[in-house]
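Consider the two complexes below, in which subunit A is the common component and subunit B and subunit C are the respective partners.
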Partner chain A sequence: MTETSTASGAAGTLPRQKTDSTAWLLITPGVIWMTLFLVAPILMILYVSFWTQTTFAINPTPTLESWRDFFTSQTYMNALWTTVRIWLIVLAATLLVGYPAALFIGIFVRSRILSISLLIVCVIPFWTSFLIRVLAWRPMLGREGAINILLQKFGITSAPIDALLFSELSVVIGMTQIYVVFMVGPIAFMLSRIDRNVIEAARDLGAGFGRIFTRIILPLSLPGVVVGAIFVSVMVLGEFATSAALSGRQVNLLGNIIVTQVGSLKWAFASVVGVVLTVIIGIVIAMLLRVVDLKREL
Partner chain B sequence: MESRILKPLLGVYLGLFILFLYGPFIVLTILSFQAGPDGGPQFPIIEWSTYWYRHLFGMTEVTRVAPLRLGEALFRSLTLAFMTMVTATVLGVISAQAFRKRFKGSNVVFYLIVLGMMVPGVLTGLGISLLSTELGITRTWWGTAFVAHVVYTFPFAFLVMLAIFNRFDPSIEEASWSLGVSPIRTFRKITLPFVFPGVLSSMLFAFTLSYDEFPRTLFAGGSDLTLPRTIYATFAVEIHPNIFAFGVLTTLFSFSLLAVFGILMYLSTRRAKKLASQEDI
Partner chain C sequence: MSVSQETETRSGADSVLRLDGIVKRYDDVVALDGVTLTVSGNEYVSLLGPSGSGKTSLLRVIAGFERPEAGRVHFRGADVTDVSPHQRGIGFVFQNFALFPHMSVLKNVTYGLVNADEGAVSAEVAERRARAMLEMVGLSGLESRGVDQISGGQKQRVALARTLVKEPQLVLLDEPLGALDANLRARMRNELRTIRKELGVTFLHVTGSESEALAMGDRVAVLDRGRVLQFGAPGTVYDAPSTPNVARFLNRYNLFAGSLHPDGGFEGPFGKVAAPRVQPADEALYGIRYDRVTVEPENTAADAPALHATFRASEYLGSSVIYFFETDAGKIVESEHHMSLGTPPEYRAGARYTLRWKPEHAIVFG
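Let's look at the complex of A and B:
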């Protein structure tokens, strides 16, 4: 950076003890904040899930009743299954829809400025309120919505399709549009780091694009896919607003159950659902991290 | 290779993809100009009008469509976003500063901080509201919701600053220390000007994430609504194009914020460059 950088400082020779204590001094406020307002609340959820629920209150008498209720109720097991299904579908959809876009931005656009501009163009919709973006899908997908109007205008369908809105499909479409950018960003970033010479060399040796893609591009972009998948998974699994706005109460995710249970003051039960959700997210992240060793890749 | 076919094909695909991202916003903008007060939030447009924009500002006659109470909510959301921005950025800068040297337990601390952006808002919100109920603390947007917002945004600021510090040459600081300048003065005079673009990015992240934050605020925010919660309240009842008009206005507002950020960023990188060239002399 500058010429002065050759001057060696005294800091490098400081004893390790001293740098450790300065580091801890600096990190303490953050650690305290996260312990008090993140770790303690999550432990509280776990604790309360074993409390006794009466009609409008909870008391700390330990019981497994809420847990039994959860695993024996058809409604809640359905919600669990729906959450996992929607998560898998949205994850696959964001990958399928996002990967080609990332491929174009990361590999085929030569100019760095252009590829960054394209990414910015993809991010701009985020400056509209999340809830309003969700709500905007109603006039898109409704019976007299934009998509039905276009489909009929071009003679693709003769009658409006009802199933577009207030169904599982509308929730999947809405979530895919909202979260796909979190997939495109990391993948495009990893793709842009691929050394062009490697691709050139493979091409000179006679490899077709299919072979270059499966042997070079795809494996090298995998860390990006995993980071994107973690983002999308965490957000979709904790969702409730999109399903509340677009499913017409047809789709009940675990998040929706927490909201309704808290609304009717069933804290212990909401906590059970919260713990289940935490466990699912933990498993998903652990599985994704097994695919790629992120620490080594980044 | 087949790139002569593949490249234009993917280019067209990217165009469609961007249309997919912008589609709802385009429709929303069109419908915000629906005739009022009888026009609904759907096609066709009965008549182009600015009725719903005037409705937002209470410039129309009273009808059955209740006006959104956005003034107070906007004030709360902006105040909350500002408080969150300052706190999260300060925490992010000092924590990342600590991480410039490996220290004992740094791995655990790293995961502890990053956990804040990984745990879904529903869970943070639920946990904080349980804890505050148990401790008898009243939930408010400036108290319980604020700490939840910082838990969410602090990791973003931290990661941004970590990336910035990684690219910052520590020997400049060491030179300053060896010349007898105190660490705090060195940080203020040398380190901060260099990393300032990163500080600005952290601030932007924290502000926009908090301004639009919804699940944590829903659980931990108490009875006074912030902006996203006011919008959420309309989900349950019939929606009217006024919410779309509001969406258009807030987006324009966000863009002006973004423009301010862009200008500040430009000025600060120019200052950093100037500083760097001064040191060359």
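Let's look at the complex of A and C:
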């Protein structure tokens, strides 16, 4: 009797121990990878940002000089505000362009196959490299570019518009085109999960499209908006290539500063900018996650 | 008794809904093939049909979610065929309830009152009316719950309250009890009837269950392949199915194939018997209700109609017992014994018996 009960007791705990050890085994490669290549580098950046930088060398004597430089320099503060401004504009633009597209794909297209095909169409630009997608805007927006030629041909403008390329506008246009798909995807996914009967029920209860949109569709798609906004924000805040290629060095983002500083071996200063950027992105994600409880919604 | 005749006698000024030759196709599939139906005010109509008979399509056409290819929908004397669903004022209770998942019970019920394009009321009025309606369907105290925190039966009531609070004259219910367990279904049957009577509105209740259709409806419409086969009181439909398919859907008739002779006799597996009640149909079929079949010890006394069969099994249903017999041709014949008639007899499995009935109880199609 005692024997059997011990045996059953052991049998009861064994599977549990096994699942525990299996769980640890499963997570180990990920933990090692993230520790070596994400956590350690970030801590290293934070550490290096307090090192002493001289023109040609860097040594680990702790100092706040790089930090002081960053926050007292007009150029760098301007870059900070430009980054925030471009981020907000691109976020709004991707939402403005992306939400209606997602609404069309997720709600108005009735065929599942067609809506998936349309999502794939959105991804087609990604079949070429990032740099080509960015550079492709030059022949579009340039002084002699496609848009200016068309505008003049149809007599809408008499002279080419110079502001199209190498300006903040061209950076916003380029970024919106590149990142809008990250907004469309999550929103279309959430919208396609809305039970059609729920929308029909709202119609049957006398609500027109406006009320159905604001009270039913929009709230139910909010998690998709938040996920899309996180994707776009993270990528835009860390951007440097689009502004480098399309702004003609007129738009300096924090990302561009990091590239320049690293290029001139100013590691400590580049680290300061990196830490500032990481903190900003962290704050943005935290704020966006406050909008909806993703754990509950997904 | 043809469908159109009965419809005409009812289509007075009190008709709430009048369907006139509704045709609905999905690509090549004809879902509704000329449905004509008139429903009066303050009545409970059940719409019985097997899956694929077009019953849900019909409700969706009436509500306005689907546009018919032909035919007109009249509601309260006006042609509403081209009116958008949100302007029709016809209530719809969905099979899966279709509650607004991000709102509380109370918000679900007030939604239609506050957000209607026409006749919206203030938030205070809406809340008062919603609370009264929730009390009526027995949900007081659950107002602030999320709709994912309540049971299936409670969701059903929220869906009902959300529709009824708008005070529609006609409520369409799409298999409203389908998602509930048997216990709850029986209780909701009674409640639906009580609530409807109290409010004096018309319910059009779609179901695939013949017992539900007969039990709930003041009148029952039987739908098959996009057509209304019969529309009448449950007793009439039950006693005198107008077509072979109605008899099939009722699931209460033993049906035998055979041939109808010009002299009025029917030739079936039981030989040639008299057929006093003949319904014109394009299929020769002999039907005898389960509870009209009596069981005797096997005997050859030639008192037609009779069938010799082997007893296979019985099923206890509470108020009655169903006995299953197998004829020599391998056909299952059922006999029902009502408990009110006394203790149910017991038969020996594998033993042979003679099944007998009165010719005047049979319904013959041909």
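Here, the second predicted complex is superposed on the first by the 283 of 298 C-alpha atoms of A that agree within 3 Å, B and C clash if a C-alpha of one lies under 4 Å from a C-alpha of the other, contacts with A are read in each partner's own complex, and residues count from 1 in each chain.
Quick note on the criterion: a contact is a pair of C-beta atoms (placed from the backbone, for glycine too) under 8 Å apart; a residue touches a chain by one contact, two chains touch by 3 or more.
Only a predicted model underlies this, so the values are computations on that prediction, with no experimental measurement involved.
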| item | value |
| --- | --- |
| First, second, both or neither for A:Met175, with subunit B first and subunit C second | neither |
| Which superposed partner A:Arg215 touches (first subunit B, second subunit C, both, neither) | second |
| Contact breadth on subunit A, by residue count: subunit C or subunit B | B |
| Which superposed partner A:Leu80 touches (first subunit B, second subunit C, both, neither) | neither |
| Touched partner set for A:Arg203, first subunit B, second subunit C, both or neither | both |
| Partner chain(s) touched by A:Asp195 [first = subunit B, second = subunit C, both, neither] | second |
| Partner chain(s) touched by A:Leu91 [first = subunit B, second = subunit C, both, neither] | neither |
| On subunit A, the residue positions that both subunit B and subunit C contact, one per complex | 203, 208, 212 |
| Partner subunit C, residues of subunit A touching it in the complex | 195, 197-198, 200-208, 211-212, 215-216, 219-220 |
| Touching residues on subunit A, where the partner in the complex is subunit B | 1-12, 19-20, 22-27, 29-31, 33-45, 48, 97, 100-101, 103-105, 108, 118, 121-122, 125-133, 135-140, 142, 144-146, 149, 177, 180-181, 203, 208-209, 212, 230, 234-235, 237-238, 240-241, 244-245, 255, 258-259, 262, 267, 270-271, 274, 277-278, 281, 285 |
| Residue numbers on subunit B that touch subunit A, as the complex places them | 1-3, 6-7, 10-11, 13-14, 17-18, 20-25, 27-28, 31, 41-44, 91, 94-95, 97-99, 101, 103-104, 106, 109, 112-113, 115-116, 118-124, 126-131, 133-134, 147-148, 150-151, 154, 158, 169-175, 177-178, 208, 212, 214-215, 218-219, 227-228, 231-232, 234-235, 239, 243-244, 246-247, 250-251, 254-255, 258, 276, 279-280 |
| Subunit A partner contacts - residues on subunit C that touch it in the complex | 63, 65, 84-87, 89-92, 94, 96, 98-102, 111-112, 115-120, 162-163, 166 |
